[in-house]
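To start, the structure itself, in structure tokens.
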Amino acid sequence: MTSTARVRAAIVGGSGYTGGELARLLLFHPQVELTQVASSSRAGQFLHSTHPNLRKLSTLRYCHPDDLTGCDVLFLCLPHGSAAQAIERYRGLAPRIIDLSADFRLRSPALYERWYGHAHPAPHLLNEAVYGLPELHRAQLRDAAMVSGHGCNATTAILGLAPLYRAGIVNQDIPLVLEAKVGSSEAGAAATIGSHHPDRSGAVRSFQPTGHRHTAELIQEFGVVSNSELRQTIAFSATAIELVRGVLVTAHVFVNERIEEKNLWRIYREAYGREPFVRLVKERSGVYRYPEPKILAGSNYCDVGFELDVEQQRVVVMAALDNLMKGAAGGAVQSLNCMFGWDETLGLEFPGLHPI
Amino acid sequence: MTSTARVRAAIVGGSGYTGGELARLLLFHPQVELTQVASSSRAGQFLHSTHPNLRKLSTLRYCHPDDLTGCDVLFLCLPHGSAAQAIERYRGLAPRIIDLSADFRLRSPALYERWYGHAHPAPHLLNEAVYGLPELHRAQLRDAAMVSGHGCNATTAILGLAPLYRAGIVNQDIPLVLEAKVGSSEAGAAATIGSHHPDRSGAVRSFQPTGHRHTAELIQEFGVVSNSELRQTIAFSATAIELVRGVLVTAHVFVNERIEEKNLWRIYREAYGREPFVRLVKERSGVYRYPEPKILAGSNYCDVGFELDVEQQRVVVMAALDNLMKGAAGGAVQSLNCMFGWDETLGLEFPGLHPI
Amino acid sequence: MTSTARVRAAIVGGSGYTGGELARLLLFHPQVELTQVASSSRAGQFLHSTHPNLRKLSTLRYCHPDDLTGCDVLFLCLPHGSAAQAIERYRGLAPRIIDLSADFRLRSPALYERWYGHAHPAPHLLNEAVYGLPELHRAQLRDAAMVSGHGCNATTAILGLAPLYRAGIVNQDIPLVLEAKVGSSEAGAAATIGSHHPDRSGAVRSFQPTGHRHTAELIQEFGVVSNSELRQTIAFSATAIELVRGVLVTAHVFVNERIEEKNLWRIYREAYGREPFVRLVKERSGVYRYPEPKILAGSNYCDVGFELDVEQQRVVVMAALDNLMKGAAGGAVQSLNCMFGWDETLGLEFPGLHPI
Amino acid sequence: MTSTARVRAAIVGGSGYTGGELARLLLFHPQVELTQVASSSRAGQFLHSTHPNLRKLSTLRYCHPDDLTGCDVLFLCLPHGSAAQAIERYRGLAPRIIDLSADFRLRSPALYERWYGHAHPAPHLLNEAVYGLPELHRAQLRDAAMVSGHGCNATTAILGLAPLYRAGIVNQDIPLVLEAKVGSSEAGAAATIGSHHPDRSGAVRSFQPTGHRHTAELIQEFGVVSNSELRQTIAFSATAIELVRGVLVTAHVFVNERIEEKNLWRIYREAYGREPFVRLVKERSGVYRYPEPKILAGSNYCDVGFELDVEQQRVVVMAALDNLMKGAAGGAVQSLNCMFGWDETLGLEFPGLHPI
């Protein structure tokens, strides 16, 4: 591919938050031309009618999903369940699909059924789809035809903990407890009684203290990096806080043997020293000693830090990212870059703001 | 009335924010028994299903408005327009009515029609209703049968500026400009796309930069305290900010002649020195030098301050209150106390929190 | 004591947040006269110079701590370490002391030294002080001469979990993981670089992921209700979020045997059915299904809820309170009421606001 | 200049918010190499010690201002007053200076003295400096040796109102009232009691209701676009709200004659139709009908909208921007682009986020 022939990209489900973020990124991507954005409810309207930050930047109007024509890569930003139902039609429109929903994240139909409560409608495709996290699946992404998204909370937890599982130091006899603090954009663009500002503002609201579906992705991916099926109990809970974008996961991991801080530093440096979008954040002093989501708004970084309780053999891992960026649209663009063999940071250079 | 025979109060439209605040106040009022709370959409449910702060404090359930029975005083917390439509029925239920909507705030049918865009459905009652602001209409409230509420923004502006109009020092040849900064609870308990947290959070959103209906109340009440019809142009605009409860009005008043700060102090002290719920706030130093709504949450105070630009003959008046308290439910209870000849502070003692 | 002779109360360290909250409560307490408030830095200034919500409510001025005279009960709201240093002097001023610092919370000098890093300066008093949590120590509080405060996060966790420890169902072979989400008022009234608004606003900041001192109180009090020394690993971490008042603790408890939800309901109802300030919050639907701190601002309630993962034998307990009220000043007044044999709710009736 | 020889830029006062924002922009600017960042208090430390969003993006360390060496362009991000004191030294270091303080904004020494309370220390340079707003002074910026910054609130007001003054339709017999709603980053990076989170959070705090210094810039620049000295009274007040970045100015302008909305549209379209960083925002429906600062965080846009009260001959103008971007650092880079004849949008392409 030469730089003059840009990849033609289209988005289905463009009026939501993930679709809007993806549109923003693709409009500025040097190798991509965003040619179509579909929305069943907004067909005919300007893109900036739902994404006011794009005013003056694009004259694109939404088309109806039924009117989509062929393109080089198609992004699916649909409600969970919708992508799998119509996947054959979408595959007919583009040789490469990046699905940002939960539909194709799991490889095992049984695991899917257990966590989603019903059989998968297209189980034959589960094995074909690549879990779109370059830090774990970079080689498979190259030339993949079908890439799945990754849960925003799951991504945070996986990037925070994968090095420990890969190193084989996690004591799987003790449950892993993870607590996610999440912003309101995770729940999407549709107004609900739970998102009503006087109620939601300042909330510290427990959401799915048990049974959170992102747990399935943790089980799968920790198994991948461990090279064996996970036998550990995973206890994942999430709390919605006063925040629009961002997630911080705090995880309590007990390790097999007494270790020192320098061992952890070595494990994390080996895992992430060359990763463009994972930063280790652990300072002895100052305000920003650990990962914090607010300075990541708009950036594609996942910041990872830890603290060790030597006596308890406990590692507290903290990981943060922007759920709409590295947790969704930014991650999808990073996968796109991998699929086409481009520099992985193309279109993802924005470093985030401070203060914000 | 003896202290053993409590006044039986009922609320129509109890599931909204104003109704909930009123229920909270009446449940703790030493002279009142809250006997009925009606809601057409919530009939049969517990009061705390919509007002979680009342959990464990009351076993009352909502009744349907059609099932209301007689009581001593009836509070109407209905959407604007509803009270006037059914006012005769409500008057049949109780000898005393306190309406918190905008329906009976204006004395002039013509003024109503101009600002609300249609003729008033019960114009004969407009003159009977007393504008429920004790600071301006205390004598009339005593033994009134029908009391109207007052717009939360209008109340703030009126209490801030009435002393200057009464003193006759306002230069009415120059327009009065007022800017209200308001919280999200002003828009009520119904979720809308505009109240969706990711959009509303952190907003600084202009609302009715021209044509705000509360202007009509200002025209009326500034006329009352001036003892003559207002001839001044009133320019009122409102901006919704990140805040749930509270309003701050900043008003720019030009005065007839060169005055000194001590003149203003005297005017305000004479107006409010004996008022239980208006405080003058003007400090030379410190953080809380002027009125601020946040420390007023839950309190019935209206805080008023000012700053003088001697050269420009301009007074900047700042006034703050909690729109659900002094701006609505608290104001209604203060009126109730006046109507029954009780101590005006009964049930309204909570001073507000700091920090909050 | 007759109702005409009010208890004379004084506060040392009145200019901080805990001192201000206590002053507010005592000014409205029907059995108490607040006679002195001391502050070494504010002597001579009005109380409302630091607590603007008290404007117009009190003409008290701060005295210097050296100028304090005798009273019936003395509240110590000093930085940790200060109370213990001068405790003999304070005991000379009043027959009853309520200390809100951490100095006298632990019964064991060894436990104190381990968590605070130095020997206790007055170890002989540790056994005399009563841990001021009426739900656990009501009988001892009656007529106690010296009462300690309780950590705000610790209180939340203890009230949330004590029923499970008392019932003997906690599997102590598995570590207890607790995550507290806390507001900025926990860090006190002194401005620091960490509390600077542009940095602190919207923060999701890990604070003491390991080694949090409140852990010591959990060890002690879970031991008390278990009737045996705790042998379990306690993993407590705290995250500062966008919130001024309030704390939510989420705890992951593994239980000894397979239980059903109704067992948990029974355990919690027996523990708290008659407690005036603990509410069980667990709804099947609606927005407020679990405890949330924001509706507790200014109230003395601790709300407790839970969710059970039957298969994992895991109980997620959520507990919320206002750190300045039930977590500090409100708790101290509740202890005061116990000490003097008054109704435990005196002066603590405010139910909290909604929306807020 | 060829693309291989980048302009060497240096920043003095780089540890503050404006300096940090400027560093971020220059690090990504394709024509610039950021070679030195000076800070008297942080010398030797990494840039990201104060600007955590720059972690991993630069290995620059702060130098001491005394150690600065020559460069092509020098940005001064110093406290007001400091730049003027040492301006000769800075001019010796670089042929081009962009000063972001208030020191060189005014052309008239008399106007400076009136608003800043003391004589200007380098009055001979006032006429040399160009007010760095390309929308008003683009031609003069080309090849300018010395460019001044512009007050963030003043910039917002000037961009909002300049078209009306240029069109000559403002009725200068009626005072102009402007109310700015501003975020906490305007007050800078130093922690104060006023910026302490529990106090500042949720504040609606009047700041300089009279006598705000940005008024001087309005007088000057409205005079420039009017081609005659302003004779109108300017009433500018500012209110600090819950917001970190951003300002919204609401201005009430009375016009000379009865006009229609289409006249205003024409005036604004002619003024800004070709401006890269001013957008007209005025929608008939939807949530984002008027300018809002929150979606501008990190962008260089100034959004301008208006509403007309035909009868009152009043125009309410609303203008919004990010005070650290278009109001400070972004504006400075836009001026830089003008000075060197580059595309004015270089390094300023980030469109802002939604939701945020």
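Labels A, B, C and D are assigned to the chains in the order they are written; within every chain, residues are numbered from 1.
The working rule: a residue touches a chain if its C-beta (ideal position, glycine included) is under 8 Å from a C-beta of that chain, and two chains touch if they have at least 3 such contacts.
All values reported here derive from a predicted model rather than from experimental measurement.
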What chain is the most remote from chain C, judged by the mean position of CA atoms in each chain? D
The chain pair with the larger count of contacting C-beta pairs, comparing A-D against B-D, is B-D
Approximately how many whole Å separate the CA-defined centres of chain A and chain D? 36
Indicate the whole-number Å distance between the mean C-alpha point of chain A and the mean C-alpha point of chain B. 47
Rounded to the nearest Å, the gap separating the Cα centres of chain B and chain D is 39
Among all residues of chain B, which ones touch two or more of the remaining chains? 17, 185, 189, 193, 198, 202, 242, 244, 292, 355-356
Contact footprint of chain D on chain C as seen in their complex: 17, 183-185, 189-193, 195-198, 200-202, 242, 244
Partner chain C, residues of chain A touching it in the complex: 174-175, 177, 179, 181, 193-194, 198-199, 202-206, 209-211, 233, 235, 237, 239, 241-243, 246, 248, 250, 252, 254, 287, 289-294, 305, 307-309, 312, 314, 316, 318, 320, 355-356
Any idea which chain C residues touch chain B in the complex? 17, 20-21, 24, 28, 49, 51-57, 185, 189, 244-245, 279, 281, 286, 288, 292, 295, 297-299, 301, 349-356
